[in-house]
């Protein structure tokens, strides 16, 4: 019994956030940020070596909610794996499902009716806005501003209600099917979406006045945590992180999919590479998504929403990739098929994983609150990192 | 820069002679169904709309670092590093995915290594972002990346000694 | 008040304690309700009418919790800190004139007393953070000391400016000088100090910083330091820190009322003085809540920069300006 | 870091703008729904757990125990059994159990059903003090009891 107490005490001193005697003598100390910490938005642990309030080394320790989706993919057929895809990054479920149905359609050469493609774009972009709204609120929460979170969630609620109306669920939609989507959208959805577009534009203005122009926020974000385009390239960071470094890399443009080539939108970039640039990129993306949705609604063709697909999908043997622009960046599914109805290998390339991997280098010598601002500006979703 | 030029550079850099004979099976079709490159060209253009990739290169395990340098020179970014366990052939495959942030080209570099002793040099010197991807691949497949600074489990528990994506992993 | 002195003292002691207690409890309710409204929610609704019994339920919950003493903490200091943080806050009330007659202790150096007791709570929070032996708490303790050193200076400079105008440190007299309509309030005495509104804003910002309220809540900073100096405190130990925060807000706001807004003086000459004092006080408290639920937290060095690079030069300038104006006119 | 008076005033102005906005929101009606007292109507496509569709003619389930749902389920949470009764053309279901603790509400079972015998329930506030209650939701019994 005494031994156990001793072990517990030793552990408490070395692993917890109590200062140990050795650390008293040394000049740096180790701060365990997480796995339960308000700023990590989930179970991410970051081992910080600190010199006072300056970070000398930040080592992220992911894996606390690793679920081995890739192994699950090897154990069930394509249709059965589909619900999993919306659970990898629960905030941009539509995009992830899109990538998976995309790879199957690409490999099996399935036709997707144009109406389904437009519906996919509309729902994907709605999902992107809702994801960015969560990021916006959570990011402000990291920075100590509470109220914008509730405003953002109010707007997000409208999107969730719209998507719930057509898909039946609020977060893990599983709406796309091989060859289309499972339900057609109704007039109520179209009317609701148009109303949402009208409501959202003044809200973006409100966010600009309340948050973006706020001097406290600007001081906290401008020139904080610069991430260069070169750093993004070396680490494979994508999405708003690389666009915030001035590179207009967007999978919707570089590897066009669905009907994005037919739609007119701008890929917002900011060259500064600091937290403010990433912040502004996301805020502008919401506006662009509104534009895309509006155009897609205007052009929405009539017709079926689900093309012909075999009852059990079997892909010809080979190796297929499909990438989409998820809310956090490039999400790619690689499926290797051996001709059976169960995939031989499913690789999920998650954007948050690459985006977080540069944190160690980007946060060098930073103060703790700045490092948390950088982490928030990367927009991490922990299940996406851990998969 | 186009995929063609890149394929050209690949074939100049990696003469086919150095490619491992085991990467293609006897009948000339590799096990994953990819039609192999012509003998003189290790890299082959593929149709993006059909495969999601502009260029695929099959190299020997010793050549991946040089390939990474080539990619780095051309301004590519590391997309992912992953493995495939080809149990039937007794091989492991390591796939390096690259994308170009400006022109959007996608390149996949593949290398096969024997399954009993899966070892391949690390590319984390060239692309620090590969560090985590390689650690993850080591977690899942037990592929050792020689020269990697830290191959402790990343996503698996710290004391994990199993490699769940190996085809003979039963879950115990 | 014709009570004999010992009774008078007792009455005021009890009165002050009750006032602090009630304020601390119900300002939590106001804060939660207010936060709710700012965020377009309702805030507490379940316990009692409009959630009015919520603070009592919270207090019962906090009191029924175990007071955890983590291994390795300095037990004496760890237990002492919550007491040290609340006691000075209560003592500050001794000199605050609530109305013409309702003033616990009318002493000549009332202002000095408020400031001297006011800075003890900083030391107490530092003590609590230090004794916790937690890394987050120690970072927070270090932060709060440098923050308070930085903000004490402009605050005192501003108060000195005001003292030059009033010529007394007796809070009761300061209020009496502002009698006779709102144009006589110090806030509007532009003849003596043309930058009086700026002076007030500096005072207000410093007050927020001194009381660790958002956007200057460096010590608590829950998204960075979990709960800062209070991380290891459980139950009522935490509750007392919480109460002290609100007590300090009330002191800061009463002081602002007394110094700038004519204390109990009525702007139009109706209704009793106590009513006006409390009205002004709670409007200021509301503004503190309003600020908290509007802004993100400042960066720590940004906070120090604000003080050293803007507020201190500005308040020095105001001090010089005021003395020049008073000398010349 | 330099501060021109202009910047300071602009900065201060941005703070006032922010306060004006939050005060504006302060006087607007609340947007929340006080859940236990009022609740929202679930949309028609809401995906709750599955229940049997009642055949309007016979009042029984349409299920023919073909086990398509059992096969389609990605989480193996459905167990179906049926018998072929005398004089009936098709099999009829005797046992249909759903392990709701494993179910991810993906709806694959509803989609594959050849006779459209399954639908989603509109129940969203499923709560219980014991996990056992959701280990086994017996759809046949449920249909009989309704």
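So that you can tell them apart, the chains are marked A, B, C and D in the order they are listed, and the count of residues begins at 1 in each.
Here is the rule we use: a contact is a pair of C-beta atoms (placed from the backbone, for glycine too) under 8 Å apart; a residue touches a chain by one contact, two chains touch by 3 or more.
Everything numeric here is computed off the predicted structure, so don't read it as measured data.
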Identifier of the chain whose CA centre is least distant from the whole-structure CA centre: A
Contact-richer chain pair (by C-beta pairs counted) among A-C and A-B: A-B
Separation of mean Cα positions, chain C and chain B [Å, integer]: 63
Whole-Å gap between the CA centroids of chain B and chain D: 42
Chain centre separation in whole Å, for chain B relative to chain A (CA means): 26
Set of chain D residues in contact with two or more other chains: 15, 18, 21-22, 25, 31
For chain C, residues that touch 2 or more chains besides their own: 38-41, 293-295
In chain B, residues with contacts to at least two other chains: none
Chain-level touch network, classified as line, ring, star, complete or other: other
Chains touching one another, given as label pairs in label order: A-B, A-C, A-D, C-D
Residue ranges of chain A in contact with chain D within the complex: 76, 79-84, 87, 147, 151, 154, 157, 164-169, 172, 174, 182-183, 206, 209-211, 213-216, 218
Interfacial residue positions of chain D with respect to chain A in the complex: 10-12, 14-15, 17-18, 21-22, 25, 31, 43, 45-47, 72-74, 104-108, 111, 120
List of chain D residues in touch with chain C within their complex: 1, 3, 8, 15, 18-19, 21-23, 25-26, 28-32, 34
Complex contact set, residues of chain C against chain D: 34, 36-42, 45, 290-291, 293-295, 305, 309-310
Chain B contact footprint on chain A (complex, rising order): 62-63, 66, 68, 70-71, 74, 103, 106, 229, 232-238, 242, 247, 249, 253-255, 316-323, 330, 332, 334, 336-339, 344-345, 347, 349, 353-354, 357-358, 361, 386-387
